[in-house]
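There are two complexes below, and they share subunit A, which is joined by subunit B in the first and by subunit C in the second.
Our next item is the complex of A and B:
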């Protein structure tokens, strides 16, 4: 670590500790801990967890040849149970070619178009969600482990800034609900701490699986702010901040939420 | 009439609405406003930061100085002056 990196890193830790409303590590709770016993039971049992249907689809896609190259994901990566273990716990991760962090969905899209030369998968499409859920499932139970370095620090800072920025017609910041008022009720919903531990996840309200960005769009639309487009760099910055903020918490994919 | 508009308030507040199952608890019960005079109630809705600069309550009659407002709401206030007057009148009945 160069001196500059060390200083930047120390600065980032300082900012993190100084925020008035930020949640001390010992008080962090996954959305899981705030759910009813019934909903937790649906998540806990693979036989009842509807997200497992996407995981199974993802496994089939992992092994299926695709694109002009005629190779499956498995042809390059082998058995996902070993090669993909821990991967979701460190995404979004820096992409040297794009010179910015990319999230897991984008990484899979990139492999698909560049390595397999297959038609692009759309964000929130069944196939992309299935592959992402299958890859992330291999990290279930592992702690989130985002490491910030000189290259990713500016993106983390941008994400933190966005989290604390009041926005939308209702003029609310993410932090005002998720740091300052978690555990309280917003009309019928219990406000969670916004830890991205379970994505992609099955939401009973959606009757389907969705990505973290879909969840973030819901919150932005709720405060009447303009949602970012799927895959927008601003979204990935926010995801990076949320994952870093949840460092050490366990991956639950595919989680279930109300 | 006022009830529908009060609906938005129940995201955060509770009030005397036995039929509303989903009321928030981020803010005091609306019956608490009974101790305020009309002008104070109106001001709390028009711009809550006048009473509390740190307030998380949205200003219901403000359309400028907001960040990244969704296009359909841009340049518009959350409620119209008329709707705000309905709510003020309604809250005064709780006295």
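Our next item is the complex of A and C:
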């Protein structure tokens, strides 16, 4: 996006901004509904969805022994198709030991370090994405079900605040695009409502699978804000808010997006 | 890091046109990109994809730089007889993957 386009867009936001607000449940749309027929076809067929390559890798990792304990994920959790069903729909979830919510990637990393005593997987590494995609794949078609209690409420509020806070050199809040102007165009691209229904997902632009945090970093760089590091608590708060905001929408992992 | 997914209908009528879909895991690095310090990233692509049907070549593709990563190659062939479709991807740095699928023709 050129500076000129950015300024024009920012100016148009100032004109259009007032009056818009949170999206009513009946008008919520997954990014899937806003993308082209061809891209939807890639996602719909497991034989053409490139995200399935990671899911298959994840299945192999799930059954492979790892770490000093020499146990595979499957040794404790059994068949992921039953034990992991619906899990991704509940994440980020509160971790009692850390006293904060953790996302699915962090949960897998914690399980590896604490139970398997295995060397940590880096964020956005192929193996971590593959395992996350495999676990999240088991929730495909299930509605997102984030339950907020008194422990997670402060984190949800922090995420909501971050979503509505103007930031970066362009001085834009997430909500200005994704609540107030979804369905309109930002340069050539359609602005989606930012529901994280299909992560980790295959983005054609990335030519690979990526996490929600990678996507959030893209957005932050786009508004010229300094992106948080992978795994930053600020990101998890925002992820919690986004997932809560998408409550009831169906998980699509591994989704495909332009 | 050398996975491939192939999709062939399990059964077909003799003479029927069947669609075959293949997906290979590959970064398809073009050889034109540079790192942040300016060094050229060496080319790493799939060069050739072939499909044989009971030993007869029915489909072949030469691939070039600037084709997408994890290339999806779909094509059609005529179901002539019960047998095996064998797929082979070959490329830079010794990349070689084979996959087979069987089809029952009635």
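Points worth noting:
One rule holds for everything that comes next: the second predicted complex is superposed on the first by the 238 of 258 C-alpha atoms of A that agree within 3 Å, B and C clash if a C-alpha of one lies under 4 Å from a C-alpha of the other, contacts with A are read in each partner's own complex, and residues count from 1 in each chain.
Criterion: a residue touches a chain if its C-beta (ideal position, glycine included) is under 8 Å from a C-beta of that chain, and two chains touch if they have at least 3 such contacts.
A quick note: this is a predicted structure, and the numbers were derived from the prediction, not measured.
With both structures placed on the common chain, the touch criterion links A:57 to subunit C but leaves subunit B unconnected. Looking at the superposition, the partner that touches the larger set of subunit A residues, subunit B or subunit C, turns out to be B. Once the two complexes are laid over each other on the shared chain, residue contacts for A:83 go to neither subunit B nor subunit C.
In the superposition on chain A, contact of A:42 is made with subunit C only, not with subunit B. In the superposition on chain A, A:208 makes contact with subunit C only, while subunit B stays out of contact range. When the shared chain is aligned, no partner comes close enough to touch A:113: not subunit B, not subunit C.
Common to the subunit B and subunit C interfaces on subunit A is no residue. Those residues of subunit A lying in contact with subunit C across their complex are 42, 45-48, 50, 52-53, 56-57, 126, 204, 207-208.
By the touch rule above, subunit A contacts subunit B in their complex via residues 165-172, 176, 180-181, 184-188, 221, 224-227. Within the complex, the subunit B residues that touch subunit A are 10-12, 21-26, 56, 58-59, 62, 66-71, 73, 76, 78.
If you check the complex, the residues on subunit C that touch subunit A are 1, 3, 5-7, 21, 23, 25, 27-28, 68-70, 72, 74.
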